[in-house]
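Letters are used for the chains, namely A, B, C, D, E and F, taken in the order the chains are written, and counting of residues starts over at 1 for each.
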Amino acid sequence: MKLVTAIIKPFKLDDVRETLAALGVSGITVIEVKGFGRQKGHTELYRGAEYVVDFLPKIKLEIAVDDPLVDQVIEAITNTARTGKIGDGKIFVFDLEHVTRIRTGETGPDAL
Amino acid sequence: MKLVTAIIKPFKLDDVRETLAALGVSGITVIEVKGFGRQKGHTELYRGAEYVVDFLPKIKLEIAVDDPLVDQVIEAITNTARTGKIGDGKIFVFDLEHVTRIRTGETGPDAL
Amino acid sequence: MKLVTAIIKPFKLDDVRETLAALGVSGITVIEVKGFGRQKGHTELYRGAEYVVDFLPKIKLEIAVDDPLVDQVIEAITNTARTGKIGDGKIFVFDLEHVTRIRTGETGPDAL
Amino acid sequence: MDKLTELAYALDTFYFLLSGALVMWMAAGFAMLEAGLVRAKNTTEILTKNVALFAVACIMYMLMGYNIMYPSDGNGIIPAIDLSFMFGGDHSAEKVLASNGETYYSGMSDFFFQVVFVATAMSIVSGAVAERMKLWAFLLFAVVMTGFIYPVQGYWKWGGGFLEGLGFNDFAGSGVVHLCGASAALAGVLLLGPRKGKYGKDGSINAIPGANMPLAALGTFILWLGWFGFNGGSELKISDVGEANAVAAVFVNTNMAAAGGLTAALITARLLFGKADLTMALNGALAGLVAITAEPLTPIPLAATLIGAVGGLIVVFAIITLDKLRIDDPVGAISVHGVVGMWGLLAVPITNSEASIGAQLIGLGTILSWVFVLSFITWLLIKVIMGIRVSEEEEWEGVDIGECGLEAYPEFVGAKGSAT
Amino acid sequence: MDKLTELAYALDTFYFLLSGALVMWMAAGFAMLEAGLVRAKNTTEILTKNVALFAVACIMYMLMGYNIMYPSDGNGIIPAIDLSFMFGGDHSAEKVLASNGETYYSGMSDFFFQVVFVATAMSIVSGAVAERMKLWAFLLFAVVMTGFIYPVQGYWKWGGGFLEGLGFNDFAGSGVVHLCGASAALAGVLLLGPRKGKYGKDGSINAIPGANMPLAALGTFILWLGWFGFNGGSELKISDVGEANAVAAVFVNTNMAAAGGLTAALITARLLFGKADLTMALNGALAGLVAITAEPLTPIPLAATLIGAVGGLIVVFAIITLDKLRIDDPVGAISVHGVVGMWGLLAVPITNSEASIGAQLIGLGTILSWVFVLSFITWLLIKVIMGIRVSEEEEWEGVDIGECGLEAYPEFVGAKGSAT
Amino acid sequence: MDKLTELAYALDTFYFLLSGALVMWMAAGFAMLEAGLVRAKNTTEILTKNVALFAVACIMYMLMGYNIMYPSDGNGIIPAIDLSFMFGGDHSAEKVLASNGETYYSGMSDFFFQVVFVATAMSIVSGAVAERMKLWAFLLFAVVMTGFIYPVQGYWKWGGGFLEGLGFNDFAGSGVVHLCGASAALAGVLLLGPRKGKYGKDGSINAIPGANMPLAALGTFILWLGWFGFNGGSELKISDVGEANAVAAVFVNTNMAAAGGLTAALITARLLFGKADLTMALNGALAGLVAITAEPLTPIPLAATLIGAVGGLIVVFAIITLDKLRIDDPVGAISVHGVVGMWGLLAVPITNSEASIGAQLIGLGTILSWVFVLSFITWLLIKVIMGIRVSEEEEWEGVDIGECGLEAYPEFVGAKGSAT
């Protein structure tokens, strides 16, 4: 199993969620984060003093999936979240050693 | 070392924290997240228009533990966070390659 | 590639970000978290009843870096985020199996 | 001379209307105070209760309450009811001129001033039962309270009933309004039980901090301002030197009592807890206001300050004590309006030589027992019929979604669903 | 006798000034209501619009509007303009005494009372076009609206123009102020289009919840309070028994209509949606207030309650219907002030035997068409010159950063940039 | 005739009391403005300061201040003190009737009006020293300021002291209240130093955005409303045609100046920064109000607008300049009340031919130096005794937890502890 995490632009959340649901992904965890990367923040003036908004609001998704689905999930996110403009975000994939579903105690792929 | 992460229902936070402390877990990092899974959100009407609350508030815990403790931690969380109702959450375990304690520079299990 | 995550004190964020930028790190994702560890929260009285602020506000950084940079990044964070007082935080390192840049579809170290 | 009488009538009416408008504004004060002191997940619902109870109070008092409280006739205990106010009507100029100064303000302005008082009494209740009482059960209680329970005891004192006859003194309603509201609240809270998580099985008392302190402070300022109408308007007349001086003295004393109460509570909290607990300071200001309400005219300013300060002192201990008794009142309404309301009633004889402690005790006891008993029965009936408490799950999730279908702060992470 | 006349003049002036101050306060009410009902990312900008429109309204009405609306002369359709108000001046004591009661309050107080009315009309617009209209385009429209469009129709009715001559009844401005504001808003909304994401391609209507319910409730309470000045002051005089009674009746009816509107909307929403939608209840209270504004004097309190209740009922359906028509009005301003404003005008003949449904319809039609057409042209010109809508990207990111360079809640995670 | 005199007395008293109530309301305005412009982690504490300073001001002014400021006697510089106000007492009807119009309002109402002014002066201070000054040190200063420093200079002008004799003009207190508050604030800020992180070692100036813009806007609206009482009440009398006209003119000019100030600041900020900075617009409105306060009666409306507009222009540059001088004033209080207060004083001769620039300068200099020097000494003493600044760690963590033990927004992630 893998944990696919994706940093995306906030307004793409709904589209991505729908695409993933269509793929059969059964769960997603969403975290609001602030991103710092090639896409630069903006400098604002507040009462005449500078005010750099360095960190841009992003959404981080965490999706645990069984191995066969990984590539499809990556592709689906890439296609749906892309605007082609800088700051579209990243996908990171980690090895997931173990999963438990708290409700039932099931473990492994069944628990996803 | 492993990183155990758990997605749980928010109101279970205090109980889980206490159980883990009893196990000897020395640190926890807590993140407020929104979850999307089998447990469905609810549809509300706001001024007559539909308003789907898809994402339910959840708490994500991250606990770095040394290998011998992993199973106990998983079990403790499973038992404490379980309500038996859908949406109780998941536990994900990752391999943790390296740890540093910033204050002292210690690394490895000592740093936990 | 590795994912370096660091839990730090909030007011160190700007310094750490600058140090990392100087190292050539091209992106960081920042998450506000609450930490529970050796540093104890404080007990307050609200209207005469106790009110334990167990969880202290912390900042979690996630930085995906290519292998050669990992040690430098750990060192830089350790040095910059250290105040020497309890609660300075931890650095956790994970193996990062795969990276995609959503905008371009690039993968691997190029995508960082 | 006739024009002069008319002008005086106009001034008194205007003064009365503006006082009423200030009291109406107190509804906003209660709404903000309560919205600030509950958790985010219960905020929309407490706002809904506050706006809706005001509307219910106006309608019920128009339909029934006003005629019960100020009946054309009555035997001192049971008023003679005709329920005709809803059709309006006012004093003609001829009648005013012929009345020899007896009729000196508009009847409509009288209703306006009175109706906002009943809303105040009801607003006191909403805070105490916050975060767990069902919305519609609460509104049903509001119907009974504002249409019947409040007006009857109001009649006993202000409508010329037996308490008035006994020499019970209550200038602007430490008893008739504040103690009344608190008694109803107490009955509700006893039947309702504390919020989940407030008291541990081991006897521990857990703090449940309010979500929005600026709102709580704003609410207190609004109430403070509105109280100038509440007490100032209760002089009922302003159009000669003596009356104008009286109204001015009431303004000054009302303000000083609030200042005294705030200061005393802030210092007490600092000494007891080691910190300057803002919510206690706010409750202290309100306690000062409640304390002076029974007699804001006769004290000199220094005395008013002290009467308020004692109120501020009392309220801190009352809040702590109620918590020990496991009477869960999220905003401190029972302490502020009930416990300190009693202090206000009992303090009248200190500065008003016409008042007697005996009459004050009778008044206090009458109001407390009438309102408590009637309210208890009403709450109980509602409990049997439709239940008064939301489900455990709804309480965890917050009553906003369950009752109102919308969150108060939907975009702020953690606003909903946070633990405790 | 002269001193008596002077005193009456003073009382009437004072009453007028305080009424005006209460109406001024409504600007804060609109600001809070709108700030509560938009998303966090658009909050600073809506606040900026609200404070700035008030300033623009004051300045333009001083420079032009007041003289247009209350000209020294005119033919009933086109006023004779002299634009001299900005230089001030007031009635001398001699003139007052010689006027035989005709001149009974200060001219300056009249301007003050009038200028806050025009600000009210303009505040209605800001809510409807919120979250997508450019700030400076909006302010440019405010210049034209408050300097020209509003005053001209105001002249037709209150300045002694042809609508007054026709027997059109509009006591405090259900038409002249509320319908006027709503008509301008409608024209703007039609040209502007709905917010992105509000209506799906598949015909779905998406809710976009407001970010801060306590502010919305506070705003409604402020408006409710201010309305006592709005309607109460519109009697224009208080200094004898008849006038004092009239003002008191207006206070009572205004309050009862709000209560009726709130209750009706809350119950309707509960029946339709299954939940007690707070925002509908708030809109219901405002609807009740708008409904009674055309005639708050003649109804008995029961009738006022019912007129308000019908307003509250209408507003719920109006909001749903406008949404179906894809007319996107984030705060419900067009429904509250426009649709219910019409109801208010048409309800006048029910209780006022001097009003005729015909004259009411003519007035309604005149105001609606004049304001809508002129506003449409103005918006269109502004659109051509500088554009009226922010860029798509700015809309996604929130207009706060784009227009004002600062966030409303910069420290709260998720305040900005959250999806939808 | 006697009844007429009494009625006039009643009207003037009522007008005075309501004006005072509006000024009291300004305390809420300052509290909201400041709570909006500080960071979330310092919000509870600034609210606590604001409510507590009001209470302290009332008590100290009752005990000492009022008798110092309006003494029974004095030599123009040192007042003869008797400290008897706290025991109350008012004009008898006989005295009023015998006074031949000299005694035309209640003495108690005078105290009420005056006491809320001193609270205003003190409120100005709290904003400037926000986010780093110790709570109890601040309240100790409030004791000295409201009991002694303010009343002495108040005596010099309004109590019949030497500034009054010199022909110094300050209608409602651009100097006596606003410059006074700002001078005390400046002394405090200089001793206190800037907030950590405000100025970089490299000379950079960092913006520290306020946490809650709706509160800042609400605070400004409250102040705007309250200012009608502040300036309008300072005419002191309304009961004849001339006085009524004067009060009306004051209302109009006060409003126009605020509108002018807001517009000028908004446009200036837009031109300088490229964005419509809401906080500057709000400060601009307040600047307009401060500017007109020294003379709101003689200007024609157009002139009032311009005097306010100049104030709005000045305030933007003052804020930028103070920042360059590293004088850290989180809410802009020194610029709004101090710099623009001076402009207000100096602008009096433009429209009031009885004022001279010389007398204005003497008044300005006297108030500024007296208040600054005395305040500086007081702050210094407090600093020596108990310290005036919180610890570095407490400042990073926010003073809410350290001083008050509770967070303003405990449920919102990131409310506390966010960087900077």
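Everything that follows uses one rule, which is that a residue touches a chain if its C-beta (ideal position, glycine included) is under 8 Å from a C-beta of that chain, and two chains touch if they have at least 3 such contacts.
All figures in this text were calculated on a predicted structure; none of them were measured in a lab.
Traced through touching neighbours, the fewest hops from chain C to chain E number 2.
Looking at chain B and chain F, the chains that touch each of them are A, C, D, E. Between chain A and chain D, the least number of touching-chain steps is 2. C-beta contact counts were set side by side for C-D and E-F; E-F has more. Centre-to-centre separation between chain A and chain F, using Cα means, comes to 51 Å.
Averaged Cα coordinates give chain D a centre that lies 32 Å from the centre of chain E.
Taking the mean of the C-alpha atoms as each chain's centre, chain A and chain E sit 45 Å apart. The set of chain A residues that touch two or more partner chains comprises 31-32, 44-46, 51, 94-95.
Of all residues in chain D, those touching 2 or more other chains are 4, 7, 11, 18, 209, 212, 218, 273-275, 277, 279, 405-406, 409, 412-414, 418, listed in ascending order.
Chain-to-chain contact here is organised irregularly, matching neither a line nor a ring nor a star, and falling short of all pairs touching.
If you check each pair of chains against the touch rule, the ones that pass are A-B, A-C, A-E, A-F, B-C, B-D, B-E, C-D, C-F, D-E, D-F, E-F. Those residues of chain B whose C-beta lies close enough to touch chain D in the complex are 10-14, 32, 34, 42, 44-46, 51, 53, 56-57, 59. Within the complex, the chain E residues that touch chain F are 3-4, 6-7, 9-11, 13-14, 16-18, 20-21, 24-25, 27-28, 31-32, 35-36, 43-45, 47-48, 50-52, 54-56, 58-59, 62, 85-93, 96, 105-109, 111-112, 115, 135-136, 212, 215, 218, 403-414. Those residues of chain F that touch chain A in the complex are listed here as 204-207, 209, 272-275, 277, 279-280, 316, 319-320, 323, 332.
On the chain C side of its complex with chain A, the touching residues are 3, 17, 26-31, 64, 94-103, 105, 111-112.
Here chain C touches chain B in the complex through residues 2, 6-8, 31, 33-38, 54-55, 58, 60, 74, 77-78, 81-95, going by the rule given at the top.
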